[in-house]
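Below is a structure I'd like to ask you about.
Chains: A, B, C, D, E and F, in written order; residue numbering restarts at 1 for each.
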Amino acid sequence: MTDLTHLDATGAAHMVDVSAKTDTDRQAIASGRIAMSGDAAAAIAAGTMKKGDVLAVARVAGIMAAKKTSDLIPLCHPLPITKVSIDLVPDATGVTATATVRTRGQTGVEMEALTAVSVALLTIYDMGKAVDKAMTIGSIRLLEKTGGKSGDWRRDGESGPA
Amino acid sequence: MTDLTHLDATGAAHMVDVSAKTDTDRQAIASGRIAMSGDAAAAIAAGTMKKGDVLAVARVAGIMAAKKTSDLIPLCHPLPITKVSIDLVPDATGVTATATVRTRGQTGVEMEALTAVSVALLTIYDMGKAVDKAMTIGSIRLLEKTGGKSGDWRRDGESGPA
Amino acid sequence: MTDLTHLDATGAAHMVDVSAKTDTDRQAIASGRIAMSGDAAAAIAAGTMKKGDVLAVARVAGIMAAKKTSDLIPLCHPLPITKVSIDLVPDATGVTATATVRTRGQTGVEMEALTAVSVALLTIYDMGKAVDKAMTIGSIRLLEKTGGKSGDWRRDGESGPA
Amino acid sequence: MTDLTHLDATGAAHMVDVSAKTDTDRQAIASGRIAMSGDAAAAIAAGTMKKGDVLAVARVAGIMAAKKTSDLIPLCHPLPITKVSIDLVPDATGVTATATVRTRGQTGVEMEALTAVSVALLTIYDMGKAVDKAMTIGSIRLLEKTGGKSGDWRRDGESGPA
Amino acid sequence: MTDLTHLDATGAAHMVDVSAKTDTDRQAIASGRIAMSGDAAAAIAAGTMKKGDVLAVARVAGIMAAKKTSDLIPLCHPLPITKVSIDLVPDATGVTATATVRTRGQTGVEMEALTAVSVALLTIYDMGKAVDKAMTIGSIRLLEKTGGKSGDWRRDGESGPA
Amino acid sequence: MTDLTHLDATGAAHMVDVSAKTDTDRQAIASGRIAMSGDAAAAIAAGTMKKGDVLAVARVAGIMAAKKTSDLIPLCHPLPITKVSIDLVPDATGVTATATVRTRGQTGVEMEALTAVSVALLTIYDMGKAVDKAMTIGSIRLLEKTGGKSGDWRRDGESGPA
């Protein structure tokens, strides 16, 4: 059976030693989606159309969250992020978010990409909640990671909802 | 058509004025789930059985994230949280998280509960990602909120995945 | 001669005791300006015209900074901010920022308004610095404060640049 | 016409990719000034003379703010700062602040130096505001930057106030 | 046998519900000491004598840490602190720190006072470590707390070192 | 007489310039102890035995605090930590904490190890304070540091309490 690397032999949590790892260029892409009522989606669309800040606020929140990842996820290593971009695509029933994060470091940036997506979607929830409290965030997952000793990884096909 | 209260008439984002609202007791409950391979679920279960810290780490991460909500979500008001608890239930294909947050304040704690759930699940992803990178986080949603002028709200039935 | 309330009798810094003060509604308005070359101002205008995020990013940065004020200014009291709005007006030679902050608390929100203006303008510098490194930020000042025992205060006329 | 590098082709904000840049030694120097009444300047001077902490508090605030720059400025890259010093010179009508910041990294430290100056001056405002609410912060600007591919830059002569 | 209130019946950590508690004025005083070589103590004294910032830096660090307590201690409630002062007394073999913290809130400020003392002393260690790496921090303890339903508490006599 | 490197010639605090230092692998180990009543120690032991989160919460707090060290200690350089582990050993009269921190950087991680120990012990205080407010934290000290130009350092024998 597989073990969790974040626990030592006694089960105690620790931040895994990556001292011996080489600095390499690493990238991770993650995505997620917030599903909402037609009314909420229309409010988002209206906010966007009249040059409203709605997607910009979510994008900025996601970018800033990527930089806070090691402050949020207890066993995550701090990393000097070299790029973050967040793509937000609204449609008639929600918004899909995709985050791309890069670093040149000793560990990967999967958590940074997943955190950026999560916080961008939570921010959309916050802005839309007066219209629709039942919005649901899901399908938060890694799409691919490249760089690092463990090699590249890409999700097979499109995974279904959680 | 409904409008987004977080944008002013010109579409500019602002933190909504809640100065005139009364301090009342408020509570929000949110939940979410991380779906994973049997191997990853078994690793979580093993980590839990031998008194490992795996669920404790996720729980602490979620509680601390609730306190950082207004630092993460740009237009969210800071609130003096008076209670946070996070329930994590592992099973053969994943872990379900439920967060309960309370305050006595001028706005609700929906975002705090949703943020706590999201970060607890991201933390489980972080600890399990060496075993299974394809884990998916979803069904993050509000279950109920009570208190405040807009009254109580409860989700109708169990909503499907996002 | 007047004394600094933030130093005790021996000159040691302390966070002034406001325990005995009453919670009252308080508001502060501050403004500032970044002066830039015509090229930089044109780039800002172009970014704004094509629905670019440029002013939204600065606005979000200012709002979030208002919430971090007591974390930045050592002797500043933490406060539950109830409203922040930031008005950014670009013109041919720069951008003028005005921030309005409210709370119901034991001390005023002058520092929050001034910090919001400062960080919004620094963010514009950051976005424009590839075009013009010589941009200058100035005229950061309080316009008015209302509420609290010391009463209301309004700046006389328009003060010149610092 | 020039473009803003912090916006992509659609106008969306992103953290620019610096992955391909080389780590080099970089330095930035910025300055600014707070102008105040004679009474406030005298209070600062008195606080300084009797070994009071007044300038030390502002200096520490500026140094700590330099370390928080990427947390405050949304699209700013996190950097391992290797030196910060802040020079504060009080006179009869105010205080002039100059910050010097160094790093060995992939981007420059202009924003760190400007942020350090801004927060040091805001801290002086905070300590003096009981004496003089009309104090004005200005002339915040980059004096020079060295290192990095874009080469060295120095401000021509002394620029006037913003 | 006594139980830990921070664990629920299953042993899971939670932030205890204080919603039903009344806001009352509360104060806590804590102290601690860093013991050092004569050389290090002399360096501190010299830094202090020539108006150096050494004690001011530690004092500011302690005050700012008090404001971060709920961000550092996982199950600690966030509180609107209304006063912090830190007294630092250097002598021939070290420095003694005493912190006084006040709030008007639903829980006490013991943790804020203890955290302020700890971080002030760690800051002195940081500044003196080039002279003496063997410095030891100890005797960190609560001296008294007042306010709140559980009533006042004062330490009996002087407790010995930890 | 020795001088404090963190003060310049005029006594002003600054973050020491480490730009010229080489990145090397560095490690620091620190320890400390919280002494408590038999009742409190029994409550900790009971919380641990029934798989309670008590030590896990303290461990996570310490690990996260190590990552916040440069945000807490004003003149401390930010560092990309590559490993943190915290060992907590409860006995009949208290808990002993030992932290090991590694980095590959330009300065050492002594402060990170000492901060991790301090915050882990403060967290135990927080969880046990309903049982015993008189608990005392002490013996916080560096055990060894390795790496860096100044060479390795190990504490001679066991130092007594502070």
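As a working rule, contacts are C-beta pairs under 8 Å (C-beta built on N, C-alpha and C of every residue); 3 or more make two chains touch, one makes a residue touch a chain.
Each chain and its UniProt protein: A, B, C, D, E, F = Cyclic pyranopterin monophosphate synthase.
Please read these numbers as outputs of a predicted model, since none were measured by experiment.
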Over-half contact-pair match to D-E, picked out of the listed pairs C-E, D-F or B-F: B-F
Pair with more cross-chain C-beta pairs in contact, given A-C and A-B: A-B
Centroid distance [mean C-alpha coordinates] between subunit F and subunit A, Å: 31
Separation of mean Cα positions, subunit D and subunit C [Å, integer]: 15
Distance from subunit D to subunit B - Cα centre to Cα centre, in angstrom: 37
Touching two or more other chains - residues of subunit F: 12-13, 51, 53, 56-57, 59-61, 64, 68, 71, 74-75, 80
Topology of the chain contact graph, where touching chains are joined (line, ring, star, complete, other): other
Touching pairs among all chains present in the structure: A-B, A-C, A-D, A-F, B-C, B-E, B-F, C-D, C-E, D-E, D-F, E-F
Contact footprint of subunit D on subunit A as seen in their complex: 25, 55-56, 59-60, 63-64, 66-68, 80-87, 102-104
Touching residues on subunit D, where the partner in the complex is subunit A: 8, 12-19, 21, 70-71, 74-75, 77-80, 105-106
Residues on subunit C engaged by subunit D in the complex (per definition of touch): 1-7, 11-13, 32-35, 39-40, 42-44, 46-47, 50-54, 56-57, 60-61, 64-65, 68, 71-76, 94, 110-111, 114-115, 118-119, 122-123, 125-131, 133-142, 145, 153, 155-156, 159, 161-162
Residues of subunit F touching subunit B in the complex: 51, 53, 56-57, 59-61, 64
